[in-house]
Amino acid sequence: MSKVIGRRLLLTIPLLFFVSLIVFALAQLVPGDPAVTIAGEQATAARIEEIREKLGINDSTLVQYGRLVGGLVQGDLGTSLYSEQKVTDALFTALPITLSLAGLALLFVIVVGIPFGLLAGTRPGSLLDRILTAVAALGVAAPGYWVGILLIIVFGLGLGWFPTGLYVPFGESPTRWLYHLILPAFALSLAGIVEVTRQLRSSMRDAMTADYVRTARAKGLRQRTVVLKHALKNAAVPLVTVLGLQVNVLLGGAIALELVFGFSGVGALAVRAVQNRDIPVIQGIVLLSVVVVSLSNLLVDLAYGWLNPKVRAQ
Amino acid sequence: MTALENREPAAGSAADTLLRVDDLHVSFKGRGRARKVRAVNGVSFELGRSETVGLVGESGSGKSTVGRAIMRLIPADSGRVQLDGRELLSLGRSELRAARKDVQMVFQDPYSSMNPAMVVADVIGEPLDVQAGMGRSERNTRVAELLEAVGLSQRHIERYPYEFSGGQRQRIAIARALANHPKVVILDEAVSALDVSTQNQIINLLEDLQAETGVSMLFIAHDLAVVRHIARRTVVIYLGQVMEVGPSERIFEHPAHPYAEALLSAVPVPNPEIQRRRERVVLRGEPPDPTNLPLGCPFVTRCRYAMDVCADTMPELTPVDGGGLVACHLQTAGPNLAGRSLDALGVEAEPIVPPTR
Amino acid sequence: MADRADVAVPTGPEVWRRHAQDHRVEQSLDESSAPLSARARFLRRFLQQRPAIGALTFLVLIVLAALFAPLLAPYDPDQNDIRNLLSGPSGDHWLGTDHLGRDTLSRMLYGARVSLLAAVQAVSIALVLGVVPGLLAGFFGRWVDVVIMRATETIMTFPPLLLAIAIVAVRGPGLFNAMLAVGVVFAPRFARLVRGLVLGVREETFIEASRSIGTPAHRILRRHVLPNILSPLVVQISLALGFAMLAEAALSFLGLGVRPPEASWGALLQVAYNNINRNSFQAIPPGVAIMLCVLAFNLLGDGIRDSLGKEIRRGT
Amino acid sequence: MSEPPLLEVTDLDVDFATDHGWERVVNHVSFTVDRGETLGLVGESGSGKSVTCMALTALIPMPPGRVAGGSVRLEGRELIGMPAAELEQVRGAEVANIFQEPMTSLNPAFTVGEQIAEMVRRHKGLSRRAARGRAVEMLDRVGIPNASRRAEEYPHQFSGGMRQRVMIAMAVSCEPKLLIADEPTTALDVTIQAQVLDLLRDMQAELGMSVVFITHDLGVVAHSCDHVVVLYGGRVMEEAPIDELYFRPAHPYTEGLLTAMPQIGPRAGRLASIPGSTPVPSSLPAGCVFNPRCPYVVERCREGEIPLVEVGPGHRSRCVRVSELNLVGTS
């Protein structure tokens, strides 16, 4: 097991190198002069030069890249061009909000998507299967933030059951944390629930017609054992892939939902940074998300090893 | 000095040699950290004009690899393949393309060997387009002729492969192989996927076509009964090496190699009385790991006559009474059979456990 | 039995041999119908897919509506009506008006142009950037494959929307930049798909059979590889169009896509969201339009896939 | 015939749903299996032999399949329509199966030891530990070297022949009364096939099981079976004790199959074959389903349902000309 982790981590090194290059290129590719952007069109030439010096834009490309990597190694992501706040500080304030939202949504995806997928996959063609399939088709087509808006209209403005914004930290009150997160997390999870249901449905259908399931039935095992042990463990391989991809999708989806619900998470930070062309913040967010996604990929790989002995052997 | 030289011509070779395979070696890189898999390990044999030679072996014997290496669909490590005296393995790209006219192949799976998006006229016509550069009407005339020759109607010329049964598709594949009048057709398990009666129809067809066109055939198969019927001479291979080669009649009646003996004995006879009477040689164990073969004879781990010498020295191919060659120490270093078949041994030898390494 | 023959009927192997000889060329084939080309078979199966037909009809109508928006729209999409700010549906304004009193129906019709065009743009960019590397990786293998696949893996490590945002951050907001970003995000997915398809086809015996005939590589690519990967690719294009619409809407909703006053469905949603406390209805039409369009692209893709012959359905 | 047969199948009908409605793939099939006997079920691909056997313990997927009629009695108990929970107790414990593809028939995600042990636990109520022990013992009995170590390995670590041994170990681990072996050696090399056939025979003798052996290979039938049922187009064409079938066949189809069997013996000119190909269930001919391919066809063969008639002790044939034809068997 530790071997798998070790090899995975080794593989991350070239990946991080690539990512740092891309992140660096982001800053280099910005058209125009960032110093002018920050100082404003009317600033004096001296003021602009001062900012250029501060940003280090006057140095050679290689030196700039070296500084970026050097900063990264020390955990320093630079300073926001706009608020003068350290990027790491901004990220650490915003991250718990986004992680809460995405984490709760992932939980919904798992506890709702998997049972739905199992039900639909083991009874292909049944009424339940057809209803779930139809709902899934709609669910995958509806943008999450729009669903969020509809939820606000119905449950917030209309019925008044749930708050329509404001994040409450978990440390402050776990129940209010949950209460405020339910609507956005549900809206965020919808696409994932649908994806998991669809994937599990089709892989369970395949597994249920596989020869080894016939063998399991021929052995006289209980239907429950056949489905939940023999079929599910094999159907879980593509399921894990989809769940891994969900981390990626949820992080992306969180951006718009944070805006809709007025959470100041990483997504909101990103949108503001883009509007201000605050490149260091963008760089920081991109790096952070790559780390999160790489971690989830590692978990996925470990899960593969457990589910598929053939992978483990290699 | 190669394996084929220094030997009486009557032994294992054809009268009028068309295709000569000499000391062919092919290996694959094993997956992951596994070592090199030596799939074909010094195979030599000859195929005469208008002759059919059977190449038999079980899975993993390298029989299909031999066929593909001759076709140069996979690269050979070393060895020679001569067609009409012309070396095929060293041909350059354009020469090879031209030479492929002369050697054609029919594959095992009649379903995946044809592009599903093409009609029969294009499937059979492709070699004509590529090699002969025929005009469309001329090409279609030839395709119709070929269809007729393999027992299909020329009305089927605009049909898609999906409309045909397995046996019919195999007829189309044969027509494609014969389109440019090749000298040799390699049939790689060409009838294995078919029901018995369809199988027989195809074999009869192949015999008719050979009689008409004089084409030579290398018939690669695992089914001994089929090879017995179609091939005048047979090559038996095991783990990439030739165990025995010779006239089919002699090999099938009096096998000289313990492996050939066991192989024949394992085939169930469709006759309950004979089945009850006959003494079968049931081989113990399974073939050894192809990445880690014994130094000597590859069959030593399962052979009931195995001797100490077998474990570390590969026996030479030696002539046998009744024609052919056999690679077995029983013929050379062991109790001297003086080139006779195994039945002459008479004694029931106890299997010995070969030294492991 | 009454008709029992006095003379013994000849039986045994000879009878069978003669019988087989007599029926040698009698190869049965269902000739009741004319042979269908791959395309005709596809069409026949496709016409049986009711959801896909419905989806296609819907999409054709939307495209027509977008094309003829100037004729169909009751108002100028940018014309303000100060007497009707944020009004609900009425006889004058079927879908109501926004905070500047602009007619929502008219803006929806013009928005359809933007949304559809943007989706097509993004997918075209993704195809150009993705298909060629995918073909190269699949066909040449070895180091070409390794380099291209590593690059796609890296790009795919970024959450798609975030990567798009980063690209917009660099190039500045605007519809074309947004769609370029979506295209870049999609390109690796196409590259991987095409590579997988090429690898799948390359393994087929018919490729080996064609090589053994002496067919040159370019002809194999043209006659055997391309026709067999095209159909699964079309399926993915249909699905990608749906995703691109979603991505455009999201970026415009975040204010990173289309610039005001131009309308796209995502931008309409943004305006509706900003005024949600005063008029919730405005959030419904653009959302429904996006959902139905994406649904239609998905159903169409599924329908195309299910209409492909089993033999070329691999990889989808 | 003092004792009732172990298995009695009567007029079994099995349908499959297609685009054109229900299609009958098994039509009024009847046979019996005595205790300790091996019954061969022979036919070409598409003859309905596998479906017949899978329908016995409801292993065909339903839908699209359904048992449309008939009865299957195991020691007098009716299996058709038996409640699912009760049927699960029969499967594996009383009727066990081996399938053609040992590669796909074992679950790739569990060790072979676990796959045997879970079955023993289910039917014999053994503890986890005892079941493990039993699994190792069974692997050893079917000739797998280093059984205790190999029990911890996964199916992909075994060769084809070894996997089929694992399947056999699993099937006989609860000492069933009936073993259904569906083409168990078709995917194997001849030398491995010989080992597996011998193993099956040994296990049968040791446990006193009855075996239903499904195969298309008349050589394997001659080696393994006591009694044979020949299926074609979902119908029983002939049923006979083994020697009767080979030496005095009573149906042209059987004669054709025997004639077409390629033999190792001296070459005898052209191979005989049955022209044409096996019919599909949707387009079966009227009258005798074999009539379009039969060299002895007369007008009577093309109309009506042909009855299965007794032609000797335990020997029945579905041919209207059976009394006129002196069919030739194996020489």
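A, B, C and D label the chains in the order they appear, each numbered from 1.
Basically, a contact is a pair of C-beta atoms (placed from the backbone, for glycine too) under 8 Å apart; a residue touches a chain by one contact, two chains touch by 3 or more.
What you are looking at is a predicted structure, and each value in this text was computed from that prediction instead of being measured.
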Label-sorted list of chains bordering both chain A and chain D is C
Taking mean C-alpha coords per chain and comparing to the overall C-alpha mean, nearest is chain C
Between C-D and B-D, more contacting C-beta pairs sit at B-D
Whole-Å distance, C-alpha centre of chain B to that of chain C, is 47
Rounded to the nearest Å, the gap between Cα centres of chain B and chain D is 32
Chain A to chain B, mean C-alpha position gap in Å, rounds to 56
Among chain C residues, those touching two or more other chains are 20, 24
Within chain D, the set of residues that touch 2 or more other chains is 256, 260, 270, 272-275, 277
Shared-interface residues of chain B (touching two or more other chains) are 200-201, 204
Listed by label, touching pairs are A-C, A-D, B-C, B-D, C-D
In the complex, the residues of chain B that touch chain C are 71, 73, 96-98, 100-101, 104-105, 107, 109, 112-119, 126-127, 130-131, 151-153, 155-156, 158-160, 162-164, 168, 171, 173, 176, 200-201, 204
Counting only contacts in the complex, chain B reaches chain D at residues 58-59, 165, 167, 195-201, 203-204, 207, 222-226, 228-229, 249, 252, 262-275, 280, 282-284, 286
The residues of chain C that touch chain B in their complex are 20, 24-25, 27, 29-31, 35-38, 204-206, 208-216, 219, 223-224, 227-228, 309, 311-312
As the complex stands, chain D meets chain B at residues 44-45, 159-162, 189-195, 197-198, 216-223, 242-243, 246-247, 256-258, 260-264, 266-267, 270-275, 277-278, 330
Note: in the complex, chain C contacts chain D through residues 1, 4-5, 8-9, 11-13, 15-20, 22-24, 26, 28
